[in-house]
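Note that the chains are named A, B, C, D and E in the order they appear, and that numbering of residues resets to 1 at the start of each chain.
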Amino acid sequence: MNRKRIIDIIIILVLACAPLFLNTYWVDVLNNIGIYAILALSLNFILGHTGLFHMGHAAFYAIGAYTTAILNTMYHIPIIWLMPLSGVLAGIFGYLVARPIIHLRGDYLLIVTIGIVEIVRIALVNNIFGITGGSNGIFGISRPKLWGFVIRRPQDFFYYIWIFLGISVYLFYRLENSRFGRALNYIKEDDLAAEGSGVDSSGYKLKAFIIGAIWAGFVGNIYASKMTIISPESFSFWESVILFVIVILGGSGSMRGIILGSFLIIGLPELFRQFASARMLIFGAAMVVMMIFRPQGIIPPKPRTYNLDFLKLGEAEK
Amino acid sequence: KTIKIGLLCPLTGSWASEGQDMEKIVTLLADELNAKGGLLGSEVEIVVEDDGGDPRTAALAAQRLSAQDIVGVIGTYGSSVTEATQAIFDEAKIIQIANGSTAIRLTEKGLKYFFRTSPRDDEQGRVAANYLTGKGFKRIAILHDNTTYAKGLADETKSLLEKKGANIVFYDALTPGERDYSAILTNLKAANPDVVFFTGYYPEAGLLLRQKKEMGWNVPFIGGDATNNPDLVKIAGKDAAEGFMFLSPPVPQDLDSKEAKDFLAAYKKKYGDLPGSVWAVLSGDGFLALTTAIKATKSTDSDVLADYLHNKLKDMPGLTGKISFDSKGDRVGDLYRIYKVDANGNFVLQ
Amino acid sequence: MSLLELRNLTKTFGGLMAVNEVSFSVDKGAVVGLIGPNGAGKTTVFNLITGNYKPDSGEIIFEGENIVGLPTHKIVNLGIARTFQTIRLFQNLSVLENVLAGCHCRMKAGMLACMFRPKWQKEEEKEALKKAWAELEFVGLSKELTNKAKNLSYGNQRLLEIARALATSPKLIILDEPAGGMNEQETQELVELIGEIKKRGITVLLIEHDMSLVMRICEHIVVLEHGAKIAEGTPEEVKNNPLVIEAYLGVDED
Amino acid sequence: MLRIENLHVSYGNVEALHGINLEVKEGEIVTLLGANGAGKSTTLNTISGLLKPTKGTIYFKDVEISKLEAHEIVSLGIAQVPEGRRVFSTLTVQENLNLGAFTVLDEKTIQKNLEWIFSLFPRLKERRKQLAGTLSGGEQQMLAIARGLMANPKILLLDEPSLGLAPILVKSIFATIKEINESGVTVLLVEQNARAALKLAHRGYVIEVGNIVLADSSENLLSNPEVRKAYLGG
Amino acid sequence: MELFIQQLTNGLAIGGIYALIALGYTMVYGVMKLINFAHGDLFSIGAYLGLTLLLSLGLVDKIGVLGGILLLMLMVMGLVGIIGIILERVAYRPLRKADRLSAVVSALGASIFFANSLMLIYGAKFRVYPHNILPKMAVDILGMKIPLIRILLLLASFILMTALYLFVQKTKTGTAIRAAAIDQGAAKLMGINVNKIISIVFFIGPALGGAAGIMVGLYYGQINFLMGWLYGLKAFIAAVIGGIGNIPGAMLGGIILGVVESLGAAYVSFAWKDAIAFLVLIIILIVRPTGILGERVAEKV
């Protein structure tokens, strides 16, 4: 067992006990960090691994949250059941919007994704189909209920969110370290060469969007049930910017980096509360400084490692 | 030991100006109270938290306040922001007195510890509809800005006006934060209304008046209470603002009461100018209501205080008039007045 | 029997006729050279074959099937692999992962299989690693396994591109100036490598300006000028064709 | 004219040049031979100031230039025709040539050089208005050389000028280099085509993994069995 | 029909302002390939500095409206330009070799920093330019009264665009700027001082933004510390519509955006105005993936 493992285990243990020695406020800060970490990890597929400049992730998050909110308040479907549905709908939406724009390059894709998140927000504000509640949003969303236990207090949500984060990390880790993850990286490095090596680059770009959107939809479900009220301003372009910053500043493609990035971007403004109205000024300066000192992100991704021992064995047999 | 009162307000973000005024007003009142010996023999301490004008940050700020052993919370501004904090304070059994949150549903949830010093949208909608029809306007244009507040008021007014048989010739929203509204004014003009009712905020109202004047169009403009801010005249210019009318709860300047006069004098002395909007002043009323309740009940227990505020607090002299709450936590009484801007840019009570 | 056949292939860029009614065929198991002056349209022909460009008219028949209009990755799937004139490796990835890119199209695991990793997926990964390793051994780069592609020398980068192309298990490999920027010694090694590729039964089509290389390994040569085919034949025939000498080879003064 | 003493250059933590010494005298053509990745381009880029040495000095006419910025070095009269041409693809041929003369302030000299260049490469004169990126490879290479000459250089650094050119063009490029040299420009030439380079040059250096291992006259190098084996294909 | 023409002129006026801000955006992008999210805040800074100078120097009273405003404009442009140079030195230069997106994050940080500095210095309240500085004349065109200032604004954008275009296309420095945009290393080999070129670009771009800021202040009167974000975003859209990096493209994009906004709003819905603008942007990009005037050189393989 190497040192990294041990550090990881210590961090996990400390986190698991956190609600025991933190007050509800700090637990709730951790909840926010967890939510953003999952969102940023899902964005990471699109932005970090595939290198697509996507600044509209909040749109998928919004679809998930509104799916949950609308179906829960109108038809009283339990929150937990709505989680997969929110993910699927967000994924379908992700596919539909990404489809026609997937061929756009770099900055052109960036502005189009900004456009998408803004169009979604404006549609929500304008109470599209008469079901989104306009700028008031939707209230009275119920809490998730697991085996009869209602998740209500920040402490409950803490475990709910962080266990979900843990599962996501586990699944994403496997996805990243396999044919799928490699294909995304080839596209990021040089999509033409990837295509020339037999990788269906637009297909994988779409898949990256879909998986990112599905997970953002899941988080939308969690967020809606945590807040019990949602309104369009929680899904603005600015939210997308925050996610974008977390991924780049944390280290695009690196899950450790992104989780640490969430601590910094969501946690720092809370630490700066003592500066009152100057806190965002300090936060802005901190962003510039962190970027300058760690231009590749705080924890840049490590190259994948492969276990080739089985090859050597084969050799010995010869 | 001190008695801690929370203040939740937007110190950063788009509503920072309101939040900063709220902080000024509440700390001023707290200082005055402490100078007079405080509450129940102890000092009052104000714990200020920034909500950034955003629901998520506000929820965090509310958690933070709940963890600080406070008796009650004043604030905050903006209905959706307030709504994100309601459940948190309710679960923590902390009295919350909101100031700039007019959405109807906030007090329709039956929350025991929630109060507000601001009136509700339906109240204002009713006043607006009565006033507009009373003045004999037939063709009415309604313009909002798609914010929770302005949209709520616009919807409310529209449905009441339609019931009264008025002809709504224009109903749409502008995008707040822009500078050029000539496009929407052009369409408004083409709809040929007798009057335009704008339910949004003063910065846009100022620009609308200014650009309307530039177009050489003379139609009466009436605003909702969010246009009640002296900066409106600065933005529009005196000649363009003249004749503009708006509905609003009275500002301290208009009240003869001693409380209002003293408050204004003290504020001017300490900060050198007058408070910007009536919404910030309403946070002062919240503070007064809460401290009055503590004084009267000699208790800091939320249930005792809530009971007092609901049932026993009657016509407390506040900065914006007399204050009482009904069983839902809404402020009681006919608050709304009609103001008109005169040639010198002053707001004159009609 | 011809593996690949081009029929009246034409491609224009704006007003420019980059490829003009070009037809030729490549026999199975052969090494065919495509030469011509700079700007003659050689690379464009390659890009047409691999689907990077769509021809204005004409047909590309691969194993009896017209592949015009197929996306590049499908063409790779059918068995045509390529290298690029200007090296296009995944610069920041390891040598091994560069070759694994070639294995990609022969694997099946999708999103869910990668997440939940059934047994067959694990086997497939192992097979891919074996294949990648074997191709690296073949071109002589197995020592560089974990090095980043961009840290390889120019010649080794060219070899890595070839290894990546081979990892797609192609029937036809097309090489665009594989000896560009190599000295004579390195070129000699390349000649031997191409011989090995041929021995594996893979057909080779290549563009090259280094005549010593072309003459040594190609059985058949096609010459383009201004987008049109001006000559075709054995190295001997082409070398002595006056049109080719005038347009491309020049007269040797010494 | 150009003297390099104990030059060390690193990319990040990796040292690419381990202390090389090299000299080019006025009026000479000197060639630098070496395998891929030996450090030839690194040497040229360090002379031009695109890379900074970690140790060692470069003198140009006895003035130390290794601490100067790239653009200052160019204005001293050291022009480079870089590896891979690097013409400004979305600018016209004429604009590329104008940029070559960026450091030349005298309008008359520019005109004179332009005429000389157009006489060397009549093809470029025909294509003055064409965007450089749409030229064929060989034409781009001509433009790159012409652009270097427009700087009115005292010494011209050429990095693999024959790369990717058709045989007929290779011949003409080498003839041109000779012509340029005869008109008084000193040349430092890097080439994969070692045989042709040595035929052209007066002297040559052989560089191997960041070290100079041989320095001699061209004739001697051409007949050196080691060199023949490593660079001339036996 | 009258409504249409009226809305068209409204759109042109708004578009003129977008164009002006987009010019600076595109200029910086063209050389650095950097999406300078702080550009909108430089625009706000211009508006605030303009107000301060206007109130403190009293130039308009001393040397008349036209001269006063022109002088003021030059001063603001100079100051904002210098801030731009400092911004580049501090926040972007250390990231020149890093991933492009790192610089984008740095720009976002700088944007937050600038907006909040303005709030702390000038307060969170809306600030108002003095009224009646600009003469309120109107011109009769096709029976419609169009304020003179609007025409002047559009004209100013057009003149600045032309000047910028000529500077970049025809002068030696301009050619050097374009060269540096294509290949900084090769530009150095031509003897071009790339750092100096970048500083020049980071002077001109923000200076244009600053000029737009003071124009908006003078014309619309009301300024606010957060206004740069929205204008910056609109300018970015404008630049992309035209083909980011392309100077006439920025002008064209600005005008198109302005016109689409007012016509879309007038004939569809005001509440959906920005969504319509974005939809048009997306459609334009689907049809022309690099903007209307953007280069369409297919990548040569």
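Criterion: a residue touches a chain if its C-beta (ideal position, glycine included) is under 8 Å from a C-beta of that chain, and two chains touch if they have at least 3 such contacts.
Here the structure is a predicted model, which means the values were calculated and not measured.
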| item | value |
| --- | --- |
| Identity of the chain that, by mean CA position, is farthest from chain A | D |
| Pair joined by more contacting C-beta pairs (A-B or A-C) | A-C |
| Cα-centroid distance, chain A relative to chain B, in whole angstrom | 37 |
| Inter-centroid spacing, chain C versus chain A (mean Cα positions, whole Å) | 40 |
| Rounded Å distance, chain C centre to chain D centre (Cα mean) | 31 |
| Computed distance of Cα centres, chain C from chain B, in Å | 73 |
| Junction residues of chain B, two or more chains touched | 12, 16, 20, 146, 173 |
| Sequence positions of chain A contacting 2 or more other chains | 125-126, 192, 277, 280 |
| Junction residues of chain D, two or more chains touched | none |
| Chain D to chain C touching residues, read off their complex | 14, 35-37, 84, 135-139, 160, 163-169, 171, 192, 194-195, 229-234 |
| Interfacial residue positions of chain E with respect to chain D in the complex | 172, 175-176, 178-179, 182-183, 185-194, 295, 297, 300 |
| Complex contact set, residues of chain E against chain A | 29, 35, 90-91, 94-95, 97-106, 108-117, 119-120, 124, 233, 236-237, 240, 244, 269, 271-272, 274-275, 278-279, 281-282, 285-286, 289-291, 299, 301 |
| Chain A residues within the chain C interface of the complex | 171, 174-175, 178-183, 185-186, 189-190, 192-201, 207, 211, 303-304, 306, 308, 310-311, 314 |
| Touch list for chain B against partner chain E, complex | 12-14, 16-17, 19-20, 146, 172-175, 177-180, 182-184, 186-187, 190, 203, 206-207, 210, 214-216, 231, 234-235, 237-238, 276 |
